[in-house]
Amino acid sequence: MKPGGIALLEVEDLCLSVTAGGKSCDAVADLSFAIERGQIFGLVGESGCGKSITALALMGLLRRPLAWRSGKIRFKGQEIQALGPEAMRHLRGKHISMVFQEPMTALNPLATVGRQIAEMFVLHEGMGWHEAEKAAVRALAKVRVAAPDQRVKDYPHQLSGGMRQRVVIAIALACKPELLLADEPTTALDVTVQAEILELIHDLCAAQGTAVLLISHDLGVIAQSCERVAVMYAGRIVEEAGAQEVFQRPRHHYTRGLISSLPLLGARAINAANGRTKLQEIRGMVPAVTDFPAGCSFHPRCGMATQACIDRAPGLTRLEGGASVRCHHHA
Amino acid sequence: MWKKLVLAAAIVFAHGVQAQTPETPRKGGTIRFTAPYGASFGGMDIHATNLAQDEIWARAIHRALYKWDSALNKPVLELAKTVSVSSNGLVYTYQLRDDAFFHHGRRMTADDVIWSFNRIVEPGKSYPGARFVRAIKGAVEVEKGEAKTISGLRKINDFTIEMTLAQRIDPAYNFNLAVTAIYPADEAVKESFARKPIGLGPFKFAEYVPGSRIVMERFDKFYAKGKPHADKLVIYVMGDAAARDVAFRNKEVDVSVLGPAQYVAYRGDANLSKSILEVTENYTRYMGMNSSFKPFADKRVRQAVNHAIDADLIIKKMVYDKAYRASGWLPTTSSAFDKNLKPYSYDLALARKLLTEAGYPNGFEFEITASSNESWGSPIAEAFIPMLAKAGIKAKIVPVDGTVLGERVRKGDYQAYLWSNGSGPDPLAALKCFHSATPRSACNYTEFKSPAVDKILDDADRMGPGNPKRDEVLKQANALVYDEAPYWFFNYNKAVLAHQPWIKGLQRNANEMAWQNYEDIWVDASSPAAK
Amino acid sequence: MTAYVLRRLWQMVPILLAVALLIFVIFSVVPGTFASATAADGRNVVDAQVLERMNREFGLNDPVHVRFGKYVAQLATFDLGISLRSREPVTVVLGQRLWPTLQLTLAAMLLALALGVPLGFVAALKSGGWVDSLSMVFAISGLSVPLFWLGLMLMYLFALVLGWLPSFGYGDPSHLVLPALALCVFPMALLARTTRAVVLEILHADFVRTARAKGMSEMRVVRWHLVRNAMVIVLTMAGLQFGSVIGQAVVIEKLFAWPGLGSLLVDSVSTRDIPVVQGCILCIVIFFLFSNLLVDVLSARIDPRIKYT
Amino acid sequence: MRLTRANLVLGAFLIGAVVIGGVLAPWLAHTDPVMDANLMNAETAPGREFWFGTDGQGRDVYSRVLYGARTSLTVGIVSQLINSVIGVTLGVSSGYWGGWWDDWVSGLTNMMLAIPSLIFALAIMAILSPGITSLLIALGLTNWSYSCRISRAATLSLKGQGFVQAAKMLGYGDVRIMLTQILPNILGPIIVIGTLGMGGAVLAEAALSFLGLGIRPPAPSWGSMLSNAREQITTAPWVAIFPGLAIFFTVLGLNLLGDGLRDLLDPQSKARV
């Protein structure tokens, strides 16, 4: 997108479908964004917006009933959306890796964490098991786990949630990937641990030059670490801009709603912008994939909706400074 | 029709040939016999069990004083060469064989016989053979613990024994089953005997796999010269008839006792029909009618039942002619069988008339206690219930277990029951079940009472065994019983043994077809187990 | 671990006692006695005196509480009494039948595992395809056939029509094939269904997604992460199945004249050889409890989350 | 998803056919299944007059199979009802009350699980006289451990939930809470277990018949018909084939129905059994 250099990851008009009851619907549509090398890119929105599906699509892990429909995903200039399973497999883990939301279940309960980390080295670095297990100790040390040579012998159920997420991160970063997809990496963790984990991701990626796609429903998490942010609603990006800009000048009413529902940061930002003091929630709920409303999909919940919003889906409006918004009445 | 006749002729012919041209028995090979009555044998102590199943193997290993001769249809001397009877018919002096050896090599003597009989009436135990030994004077005292040894048994010398009877009976009928087998006095007291029996029979014990088979080998010192013919005898326990059928057709076993359904299948099969052995067994199938159940107290009602059921049709259609219509209690193989007696006619009008005379013009209702046996249980009742209904009699089945049947019947806890009981080989013993002095718990299950029958039976008793006139007298009793109709007389079983073509020398044993004298059986070279 | 096994063994004692009590109660009210059963075939004129003496010899006339007292006293010394029919100690009688039953049920279980588990795996991995549909139709049909009928049909087919195998008997391995085959169908069908369900569940588990995200091939995912996880549940299921297999062995043993506990049980029930009946049932229960213990120990070895507590 | 529906539909269709056949037996049947034995017609092959042929006693197999549906359905339904009532009562009460009662019920359940149900049923059949009532008792008393365990576990987890607590605060009695708050919530899995158990009961009836301890003739029951016909397989195969098919399709229908119901009523618990 940026003229000149090729972005690490470019997503263009991506359309992903979900099949339910014999009917196929678009869970994600017209999705376009780009991530630069080393950049931390935030993808934010309520649950059910299509964030996780997008991440799975990037990993090539869409499984029935989800499927790719159209659009392009370019990784280092190479189109990967239609890559064969074998080629995709070589990309996964080695070049693009992922941290999942639920550290409690993301690890195999019957294998030691050491072995689960070591698998990465066996798979991608061609190491033998013995060697790989030594590498696993080092990888565990890197994610700041105390006594890693002991911990590698532990089973997941013996570790705390934060520890497990560290293990998951160690696995994800084991082979120094160029892109890390972090899907709600801290949601399931205690608040105290959340910051540590975010910091860990931030530091390690910076050190390795790994770009991060940080997915969260929590704007606070995004605000803490991202350079650029895209806001998703009902399968579409409704606003994309630099992190600062989004928080200071939210243009889409959905973004505003999200920010105003934030206790700490939100209160401050909205105070500055609108002079409101009360915490607000967005009324209503995210519609189900099968019945995304016509027109602007946000209109049933939007306080500013007009007849135009009901009749017509808004297109993406590009604004100065590389920002863009999808709203008939953007600020 | 012609086809059937030809077939029948072929069967007769095939059997005729077998009987007429005696082939030279071949030595060697294995006889693969089956024991069809249940899924196991009782154990290796044959004195302890009187189940038909156990007698099947015991005849190979053990010998009693007499043995059943199927050709003569009576028991003959086996372990004794001669016997002399005193003039009062109570003292029997046996000259024992001096060439009978036990399987461990020792010669049998009079001591073994005396020891064995004493064991059978041992007071603490309840060996079923006691009921036979009880005929010897002094046995009852031993049984009750009042005496140490049976006073009626006396050893004259090693091979001579004197037996004094308590009453005039023919001991041949008492001492031909393996429950009265002669044990080696020295070995039988050992604990190992219960696992590794030793006897006088033609085959010696080799292996016993409980629930599966007994394997026996030829005993070379068996007293009958040149016998047994086969090297080995295996008896498989095979309780399920359908499974036995598969094994037999698959040539895995040499003989199979057939039920009615299989009988018709085998008869219809060109190959299988060639080797079927039939005999009328000493069993009479019947429905007992309780004289204390009011309607059945009247002889006319009981006769009406006999007239109302088309027994011939049931025999033809359901039993597939695997039985002979009963015309009296004593079966065709009995020495006192009366061929002049005609079966009750199937005559509904007569049945109704008899019922009306008895005061039941509209019939009555009763219950039939029956087990599930296909030949003398509820299936038969199912077939005749509709027939009785036509005469106005409503019958209902009370299904019971085989074990419970006997108990109920002995207690008189029934209105009617279906059963099959032994009616031979000794006609007097068989008819004594109709003597008013015989208690219900023994075998007078319907508490039959007839002074005329009692008198005849008492007379016959006095005549003593061997009296040629006795059978004639017994025929009268049989006819009287038949006319009184304490039972619905159904049929005499035709026992059917299917055998492979290579098995020769099987006997038609009227007591139980599966009881064979194995020493006479031989296997020709075409058997898969001929080696 | 030894302590664990010992404690589990100790826990079996009350169950066994309860079972012993229960079967005693059941068979103390059973109609008919051994004595009446010996005369039940109607072959021999029954001798009332012998029957009476039998009842006396075996203490069948004693009042229930006296018999129960004797029974408990015997149990306390691991004595199961004397078989009424063969007059041998029940323990000896059972001892002769134990190995055949063990052989049959183990063979059937192993066969069921060896056939059912891979079938379930393939069905789950090819879920929705024709292999899946076909194997599940096969499995659900296998659960719907009367066992003795299945056995009889196998007998007809393999022994009579094809002549490949003996139809009955006991001894060399060829005799084991047909009964084990018949007996394995039911647990096999159940295991195939269970395995399929478990594997499908695991295929959607987060850690499998993690494994895929690692860049593992499906083959590796299955080998490294799926098999062991599925095995824990399948094993537990198999352990529970063992009980019903022992129960169904009664039918198969009777049909194939297999000399195991099952055919002994049926025969002893019909001859009212009550001590043997009681022994058989106790033996089968012990059998089942031990197999469960074995499964629990094995599961604990595979699954680190299960502790020996 | 689509497979589930196919299961449900096929299962319901098969069971529907059996139920209709059983209920309408007096109208659909050509003859009385017990009384119309006519030996003149014994073992007639299937044809226009006797659609499924006749058996050894000359009875119409078609009519007997229809009436047999009544027996089999009665056996299946009643025995499973007994099982469910016992299992749920013990399971819910032990889960709800806990304490010594729970220990006691757990012990009982363990014991029941340890005795294979077929063997238990066999023992009970031995002490009762053969017949349908005995069979119902034998099969009804021996198979409740599953529903007991499931309902106990469900009760334990429901007990802590808001609506139960609320009902307690409203002063509802224990029994009322169990009946109105807990029972409706565990009905789904119990129905599934019951449906699958019915299939098991029909098969158990056949197995017991084979062992000589089932329903005795002349009552038409598929198990005893099949078991009695096994010796006639070479002469009159139809006597065995039709009751055999009836058993197969009924149990198949119940299994399919149970599977379908499970996916419908109890989606979490997948096909574990």
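The first chain written gets the first letter, and so on, giving A, B, C and D; residue counts start at 1 in each chain.
Just so we're on the same page, a residue touches a chain if its C-beta (ideal position, glycine included) is under 8 Å from a C-beta of that chain, and two chains touch if they have at least 3 such contacts.
The model shown is predicted, which means the values in this text are computed figures rather than measured ones.
> Strictly by the touch rule at the top, which chains does chain B share as contacts with chain D?
Joint contacts, listed by label: C.
> Give me the ID of the chain with the smallest distance between its Cα centroid and the all-protein Cα centroid.
C
> Which two chains meet at the most C-beta pairs?
B-C
> Work out the mean Cα position per chain and let me know which chain is farthest from chain A.
For chain A, the chain whose C-alpha mean is farthest off is B.
> Cα centroid separation between chain A and chain B, in whole Å?
Each chain reduced to its C-alpha mean, chain A and chain B end up 90 Å apart.
> If you average the CA atoms of chain A and of chain D, how far apart do the two points sit, in angstrom?
From the centre of chain A to the centre of chain D is 52 Å.
> Counting in whole Å, what is the centre-to-centre distance of chain B and chain C, each centre being its mean C-alpha position?
38
> Can you check how far apart chain C and chain D are, centre to centre, with Cα atoms defining each centre and the answer in Å?
Chain C and chain D have C-alpha centres separated by 21 Å.
> Among the residues of chain D, pick out those that touch two or more other chains and give their numbers.
Residue numbers touching two or more other chains: 126, 129, 212, 230, 233.
> So which bits of chain A are touching at least two other chains?
Answer for chain A, listing residues that touch two or more other chains: there are none.
> Note the residues in chain C that touch 2 or more other chains, in rising order.
31, 152, 156, 254-255, 266, 270
> If I apply the definition of touch given earlier, which pairs of chains qualify?
Listed by label, chains in contact pair as A-C, B-C, B-D, C-D.
> So in the complex, which bits of chain A are touching chain C?
Counting only chain A, the residues touching chain C are 59, 61, 86, 89-94, 97-98, 100, 102, 105-111, 119-120, 123-124, 155, 157, 168, 171-172.
> Under the definition above, what is the set of chain B residues touching chain C in their complex?
Residues in contact with chain C: 37-40, 42-45, 48-52, 124-128, 130-131, 134, 143, 194, 209-213, 236-240, 242-243, 246-247, 249-250, 252, 283, 401-407, 410, 419-422, 429, 433, 439, 441-443, 512.
> Within their complex, state which residues of chain C touch chain D.
14-15, 18-19, 22-23, 26-27, 29-31, 128, 133, 140-141, 143-149, 152, 156, 190, 193-194, 196-198, 200-201, 233, 237, 240, 243-244, 246-248, 250-251, 254-255, 265-266, 269-270, 277, 281, 284-285, 288-289
> Which residues of chain B touch chain D in their complex?
Checking each residue of chain B against chain D gives 241-242, 245, 259, 261-262, 264-265, 268, 310, 313-314, 316-318, 372, 374, 378-379, 381-383, 385-386, 389, 397-401, 404.
> State the interface residues of chain D toward chain C in the complex, per the touch definition above.
Those residues of chain D that touch chain C are 3, 107-108, 110-111, 113-119, 122-124, 126-127, 129, 199, 203, 206-207, 210-213, 223, 226-227, 230, 233, 240, 244, 247-249, 251-252, 255-256, 259, 270-273.
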